[in-house]
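Below are two complexes that have chain A in common, paired first with chain B and then with chain C.
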Partner chain A sequence: QGHEFRFGPCRVEGVALPSLWEAFRSLKDTVQAQDNITSIRLLRREVLQNVSDTESCHLIHDLLKFYLNTVFKNYHHKIAESNMLPSFSTLANNFVFIVSKLQPSQKNEMLSVSDRARRRFLMFKRAFKQLEIEAALTKAFGEVDILLTWMGRFY
Partner chain B sequence: EVAALPAPQNLSVHSTNMKHLLMWSPVVLAEETVYYSVEYQGEYESLYTSHIWIPSKWCSLTEGPECDVSDDITATVPYNLRVRAILGSQTSAWSILEEPFNRNSTILTLPGMKVSKDGFHLVIELEDLGPQFEFLVVYWRKELVTKEHDKVVRRGGIPVPLETMEPGAPYCVKAQALVKAIGRNSAFSQEECVEVQGEALPLM
Partner chain C sequence: HMAEDSPELLQHVKFQSSNFENILTWDGKPESIPGTVYSVEYKMYGEPEWLAKVGCQQITQKSCNLTMETGNLTELYYARVTAISSGGWSATKMTERFNSLQHTTIKPPDVTCVPQVRSIQMIVHPTPTPVHTTDGHQLTLEEIFQDLFYRLELHVNHTYQMHLGGKQREFEFSGLTPDTEFLGSIVISVPTWSKESAPYVCRVKTLPDRTWT
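== the complex of A and B ==
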């Protein structure tokens, strides 16, 4: 097991996935205990199942950007109140690193691939928007384990 | 009026083999023990929550003018580091490291290694440099330099058998350290050779 992700054509070396799991596990119980809506899942099967390798780079890029710009950014105050900042920082900074290394192809012949990936991401985003913001942030943050599990397929 | 406590100066990071040491010039006050507090922020914090600094795991209150920040630096992105002096209830201003530190700049030394024989087995034991290190080991029979073999050793500190040797023929080994967390490797160590005494069989 190396330290390398291969999201189709996108290769990212330099991230130890086990350390991301370790960071999330130390946050998981606190975060998931705050999620009262157990009947809804944002990262549903339709979002992550049967993603082709070529789609995966587009999808992970969109998902991680959303997590950085929306979920982590707005959930941060809850983390700051607890002593979970170091673990949160590990997750967030490794997501920043991964995004910086991803270059999803913009070639014309890849349009259908990026469109399919885009539709998957918008499915996730719509589900997020349908919830009250605090509930949505809590649920999305609690689903980082689903995201890491899916990322593990490309590790 | 109490003189302001001077802030630590000359911050620098010395990083070797993924061990990152933040160092600074001590604040010297006669007959006083000055303590220090270190904090960090990664690229995420500086981009999204720049007012947030995180106390260092090992140096939220430390006496020596240095701090091992290896456990704080957990991603291959630039990190800002700062330190201030503490004397009783007094705290100095923060001093911030001039250039953000990225762990991919760590110095990778040649890995220490011990080559030995266990009966007819060629054995290597590499320096234990921590969980982020793997090693590429290259070994060959001296007369057959063109026939090199290689093996990735996942951890240091334990003897690893490489090959069964023919008696009377020297075998040589060299190794380099691999750090996948930063996608870099060290140079190769010097080669070391060993031989099992006895009559060398003719090369086929």
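== the complex of A and C ==
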């Protein structure tokens, strides 16, 4: 089966989704057990539901960049403490690769599409900022399965 | 009278899911405390309230079917059990975050093996699940997992097997010796989710060749 994501016009080849799942599965129970705020979900339905193909490239670009620059970067020390680095690196490296391949269109007629995607991303980011930083990092990292499930629709 | 906490009253609270049938199970310990009753609650991850599971309040058995309550494939859930012993001890324990798409295991497929003189047909029947679309259509495993396919193997003898595979439901192993017994095994595979069922096995004998040579 070809390993290819198609986020609307953006195509990313060479990433095997099952290997991302395998990496996250080995971290999941440990990380999610540290998130005891069961009444808040960052990647809510309103962020990910009914995303059009053309929006998807903009949204995944924003989300993955946030995960790399904020979540992974600041959660790294916790992962290192509980020796889950290999799986963590697999996720991070694949996210870096995917972001490097995404070129969301900047054309004028796409402004409304990117605006919609931007609003979805900001909904997620606001929810993240409303939590204490350590809790937010743990929750966001624990929701990578929600992100991978959504990405699976474009695989 | 407030029940006093006794954590060892309740252990291993978890979901057991196969083909999207989601059963909550737990262990009671020590077994010797008779009269312990259990009450189950569940909720969607991200929602504030816990909901009582009707039919699983103050029960004595150690399992509860939450298939209907946890059936949305894109949602994640928690469940928790509260145990209260006749001596006034209590314990509450919660599951890990659960999503049936991620956690369900796949049961062996339902297959009909049909022997001919020099071939064996294998017909895989679709696997219904308890998952329904919003308009009430009952989904099969094949409809839920887009990349689901079948892997078939026919053991001809100790050293030689034949292999077939694909998404279609009808397969035929041909070029076989008449009046000979074969062992067929069929598994369901879902690569994207790294899921694979245990095999369905059929032992079948090709028909005798009655044509005059």
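Just so it is clear, the second predicted complex is superposed on the first by the 154 of 155 C-alpha atoms of A that agree within 3 Å, B and C clash if a C-alpha of one lies under 4 Å from a C-alpha of the other, contacts with A are read in each partner's own complex, and residues count from 1 in each chain.
We adopt the following convention: a contact is a pair of C-beta atoms (placed from the backbone, for glycine too) under 8 Å apart; a residue touches a chain by one contact, two chains touch by 3 or more.
Everything numeric here is computed off the predicted structure, so don't read it as measured data.
Colleague: Once chain A from each complex is brought into register, does chain C clash with chain B or fit beside it?
Modeller: Aligned through their shared chain, the two binders fit side by side on chain A.
Colleague: A:E13 in the overlay: touching chain B, chain C, both, or neither? Say first, second, both or neither.
Modeller: Only chain B; A:E13 stays clear of chain C.
Colleague: Check whether A:K65 is in contact with chain B, with chain C, with both or with neither, and answer first, second, both or neither.
Modeller: Neither: A:K65 stays clear of chain B and chain C.
Colleague: Which partner does A:T38 reach: the first (chain B), the second (chain C), both, or neither?
Modeller: The answer is second: A:T38 touches chain C but not chain B.
Colleague: Which of the two partners, first being chain B and second being chain C, lies in contact with A:F95: first, second, both, or neither?
Modeller: first
Colleague: After the superposition on A, what does A:K73 contact: first (chain B), second (chain C), both or neither?
Modeller: The first partner, chain B, only.
Colleague: Which partner does A:R118 contact after superposing on A: first (chain B), second (chain C), both, neither?
Modeller: neither
Colleague: Once both complexes sit on top of each other, what is the least C-alpha distance from chain B to chain C, rounded to whole angstrom?
Modeller: Superposed model gives a least chain B-chain C C-alpha distance of 7 Å.
Colleague: In the complex formed with chain A, which residues of chain C make contact?
Modeller: Of all residues in chain C, those touching chain A are 43, 45-48, 74, 76, 78, 94, 96-97, 99, 101-102, 147, 191-194.
Colleague: In the complex formed with chain C, which residues of chain A make contact?
Modeller: Those in contact with chain C are residues 1, 17-18, 21-22, 29, 32-33, 38-41, 44-45, 49, 142, 145-146, 149, 152, 155.
Colleague: Flag every residue of chain B that touches chain A in the complex, lowest number first.
Modeller: Per the stated touch rule, the residues are 41-45, 47-49, 52, 54, 57, 72, 74-77, 104, 132, 180-183.
Colleague: Give the list of chain A residues in touch with chain B in this complex.
Modeller: The touching residues are 2-4, 13-16, 19, 23, 68-69, 72-73, 76, 80, 85-86, 89-90, 92-97, 100.
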